[in-house]
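Have a look at this one before I ask anything.
Chain IDs A, B, C and D follow the sequence of writing; residue 1 opens each chain.
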Amino acid sequence: MSMAEAISRFVKPGCHLSIGGFTLNRNPMAAVYEIIRQRIDNLHLYAHSNGQGVDELIGAGCVRAIEIAYGGNGRFAPTCIRFRKAIETGQIHFEDYSNYQMTLRFMAGAMGVPFLPTTSGLGTDILQKWGFSPEFREAETRLPREKLLVMDNPFRRQDEDPPKVVLLPAVNPDVTIIHVQKAGREGTVSINGLTFADVEQAKAARHLIVSCEELVEEDEMRLEPGENQLPFFLVDAVVHQFYGAYPTACYGCYDYDPQFLKMYQRLAKDDALYASYLGEYVYGVDNHQQLCDLVGREQLQRIRAVNPQGYAAGLDRR
Amino acid sequence: MMDYTLTEMMAVVAAREIRDEEIVFCGTGISMLAAMAAKHISAPRSVIFFETGAIDSLLEEIPLAVADSRVMYHTALNGGLADAFATMQNPFTGPRVVGILGAAQIDPFGNLNSTAIGDYDQPRIRFSGSGGACDVASFVGRTIIFMRQVKGRFVEKLDYLTSPGYLDGNGSRQRAGLRPGGPELVVTDKAVFRFDEKSKRMYLAGYYPGIKVAEIMETVEFPLDCNRAVPVPAVTDKELQILRQKCDPQGLIR
Amino acid sequence: MSMAEAISRFVKPGCHLSIGGFTLNRNPMAAVYEIIRQRIDNLHLYAHSNGQGVDELIGAGCVRAIEIAYGGNGRFAPTCIRFRKAIETGQIHFEDYSNYQMTLRFMAGAMGVPFLPTTSGLGTDILQKWGFSPEFREAETRLPREKLLVMDNPFRRQDEDPPKVVLLPAVNPDVTIIHVQKAGREGTVSINGLTFADVEQAKAARHLIVSCEELVEEDEMRLEPGENQLPFFLVDAVVHQFYGAYPTACYGCYDYDPQFLKMYQRLAKDDALYASYLGEYVYGVDNHQQLCDLVGREQLQRIRAVNPQGYAAGLDRR
Amino acid sequence: MMDYTLTEMMAVVAAREIRDEEIVFCGTGISMLAAMAAKHISAPRSVIFFETGAIDSLLEEIPLAVADSRVMYHTALNGGLADAFATMQNPFTGPRVVGILGAAQIDPFGNLNSTAIGDYDQPRIRFSGSGGACDVASFVGRTIIFMRQVKGRFVEKLDYLTSPGYLDGNGSRQRAGLRPGGPELVVTDKAVFRFDEKSKRMYLAGYYPGIKVAEIMETVEFPLDCNRAVPVPAVTDKELQILRQKCDPQGLIR
């Protein structure tokens, strides 16, 4: 399936979406750019630290509300720029959690339980201050009425047992999109390197779109099942997408592009410059291949991963 | 004139505190530099551990984010967020972890703000938010905190309490339901601070070569005990060599 | 470390123990036999479907109490024989859960939370009938007072949201023992094939003993980190133990031994015969190597796994 | 005289019920034979799925347990118990799963006992216990149940309710907090039973060639509607060939 078709078939205006990856690694950027190009808006976004992809979706005006743990992108933007602007100017509804809390929410969704417990956040403003207004939650009937809840530990017996826990409500997005190194034609997924929370996000969603660097016969995926993380029957669309995480990294395939990310950082700070960025790099191309062409073979080659490291050793990242 | 940067001084001061065989949770930037330095200075068998799930990475180049592919190479394990945080919440492994954190604001009890300055709903300055910081601060045995020693950072009351330190002191951390733990050391570009064993209030524990206590006090907006302060030894040649040659030969963090 | 030393150092009379594997696969049998030889008793055992190992520990009188989901061993003993006898004759304290419930209990222990929720078991006698008496629980101060608890779903908003959940209390054994295909000298673990609940059991325990077919330099374990499941810093003892799961299977190395398991099935049915079995195969040998010698090279060769299947294709299993 | 065994008949009857693209949870023995046969008979794209975590195994030989190494070969995924059961509890995948279960006792509402006969604390006969059966029966879209048609198995009241069917009927399953779902078919060595759409009580739906209804009724200890019973077609040559040549050439389950 083409990315354009996968996005238009599953990602609808106003839908609840989550994307895979972490800050500047394995964000499903080809999908993100396609969502922007198709001008799908009013998205309700669930994120832990999904960095670059989240910032671009917010910057392009696709996002109405976000539940998030971390709006940053490593050294290239300790706070994501369009995320920061959107919050400081009241452009989006937002709700803050921690990374583990968001991971637990995806896990709860994947496991089919209404909540999971943790002791993280007791005593903090993550528990005290709620970003979504009660009116917003009341109107959004798919959201739980509570950001989270605290309950006493009913099994407490010893002094060292935790006296209470925070209950985090499950998330079940309409769609999760992840980008991976390898997938079978039927959809079986193999992720190389860190999985972040991709597996939990994928299982929590009603629909799953997978883009991959390498698409192989399903049978080939069965030779080393230990390398696979998701079975084919979870996947709604498989898109073969070369450099599909670009400009973020894809371990073993290519690095993040420091040049592109620095350019983004510079342009994202100014609304007019940002519009020109979108015009040239997103709306100005028909698909991800054309973005890659625009960036140029030479630059893509420069960030190509080497063996055995899996990243572009010696790459100029200043 | 020093021949090392203040960032390098901070990294070294934190690295010296890390114990051998500790599991070192680290974030980006300076905290990663400190963790890498520790393996060469005081704690050769310490284990670098990232919230993204990477354990004991072979860091041939400095990662620019905890999800940088550089953390995934030659690890003992490449897991995910769920594994990483569970290791810190686990009753047996959590206490063995030292977390290195940074923040925009800190209060007298070592609580941290990395979310927002001003009104939470429409803040004057929005930061990235917790990420894994709140989780680490909630779970692990002890934390080391990096701060810049400038005005507005050491405040009596945080605009938003993102990551728990000792909360209001006097056992309030445990009463809130958190494990023992909390910050042990605050490292800035001018000084180091520790926390009183009983009251859990911050005190000035040391100041860097050439820095005057008054200069530090100017930036701290709450009453601070300075009587225990001693000079902090400068970065040694050997330490500097380790930092520049082994940890960050590309000079990405200076 | 030798198995004898690992067991005597970490497995104490009365301690809370869990073992890895599932029915007739990857049970840490060398460790189980060593526990029996050292006559360590009054064990409190946590099991999901740990089959053969559980039955032998019970049969040898090492077990005082067991929390278990399934006391069976596939076609060789649909109900484990010594387990059944022990319960029918009131020899051990027991508490029944489901496999998922036990898995969640280990997971909760591994995650450091007091409980995990599920909807499994609502309306059943697993909730209604408690095996441990209130007096037993009161005296065993390390156990929670409740087998499990039911609570209303506090986030319920839609009709399709679960109205209630079962809360399963965490398990944190003193010791977990697993047998795996490969480990590094420092303890990093690689499991080939299904992991069952070994990973959760390992992380839930205060101490972890790992026996392995192949012991390699730690550095070699770093070449393919994607194949590893447990990091070295969790492991208290690594024991290099050839055929350490025998007579259960170890995927990719050897199959279960149908001949031995059928013999066990026959002898375990009769107390006198069972005593002679223990005398010959467990007490009668000094270590697992001697048991292997007793079984004989020819039989061990017969169950050797073939490539690529990972089991002994064509083995006579009738 | 039939040229197939009753076990083979049971496996075929269940296999015929499995729909294409369904995810088939199966246990040991006859249920595994049924799941394997379905892939060759009615549901080539059905997916065999084990509680141990194996997905879509290439079963060249019949496994003798769900943890048999034979289930681990050439799978789409080798996970663990936590993954497997979460897939069944998951709101999107759970309803796509058909579970195949067996038990020692069944009641009129399809609830199952696989734990004990007699007093729970010191039973006359102890069985293996739930294993994953209670989980599967709680979670999945529908179940198929294998029973032996002998006395003491079809009882008005179970000695122990291990795995939920429709509980007491009349919506009690949902009121207890369980998903819709429950048993659709009971397959024995003499007959098949289904459940009334409204009352959720078991009725006799079919009997095997050469079996008389009265013979079945003798073993059922509760009132049973027999008016809807029709003959069940015998195992065909083609079905038998599939069973013996493709599923269990070693003849381990007959």
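Note that in this section a contact is a pair of C-beta atoms (placed from the backbone, for glycine too) under 8 Å apart; a residue touches a chain by one contact, two chains touch by 3 or more.
Please read these numbers as outputs of a predicted model, since none were measured by experiment.
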Determine which of the two chain pairs, A-B or A-D, is joined by the larger number of C-beta pairs in contact.
A-B
Mind checking the centre-to-centre distance between subunit A and subunit B? Centres are C-alpha means, answer in whole Å.
27
Taking each chain's centre as its mean C-alpha position, how far apart are subunit B and subunit D in Å?
56
Using mean CA coordinates as chain centres, what's the subunit A-subunit D distance in Å?
40
Averaging only over C-alpha atoms, locate the centres of subunit A and subunit C and give their separation in whole Å.
38
Which positions in subunit C touch two or more other chains at once?
111-113, 118-119, 162, 165, 193, 223, 226, 308
Multi-partner residues in subunit B (2 or more other chains touched) are 72, 74, 78, 89, 91, 139
Based on which chains are in contact, what kind of graph results: line, ring, star, complete or other?
other
Pairwise, which chains touch?
A-B, A-C, A-D, B-C, C-D
Interface residues, subunit A side, partner subunit C - complex:
111-119, 141-142, 144-146, 149, 151, 153-158, 161-162, 165, 167, 169-170, 192-193, 223, 226-227, 308
Residues on subunit C engaged by subunit D in the complex (per definition of touch):
21-26, 48-49, 51, 68-76, 78-80, 83-84, 87-90, 96-101, 103-104, 107, 118-126, 128-129, 131, 160, 162-165, 193-200, 249, 251-252, 255-256, 305, 308-311, 313-314, 317-318
Which of the residues in subunit A come into contact with subunit D in the complex?
110-113, 172, 184, 188, 203, 205-206, 221-223, 225-226, 228-234
Residues of subunit D touching subunit C in their complex?
28-29, 51-54, 60-61, 64-74, 78-82, 85, 89, 91, 111, 115-116, 120-135, 138-139, 158, 160-164, 167, 172-173, 176-179, 250-252
Hey, which residues of subunit D end up touching subunit A in the complex?
23, 47, 55-56, 58, 72, 74-78, 86-87, 89-94, 96, 139
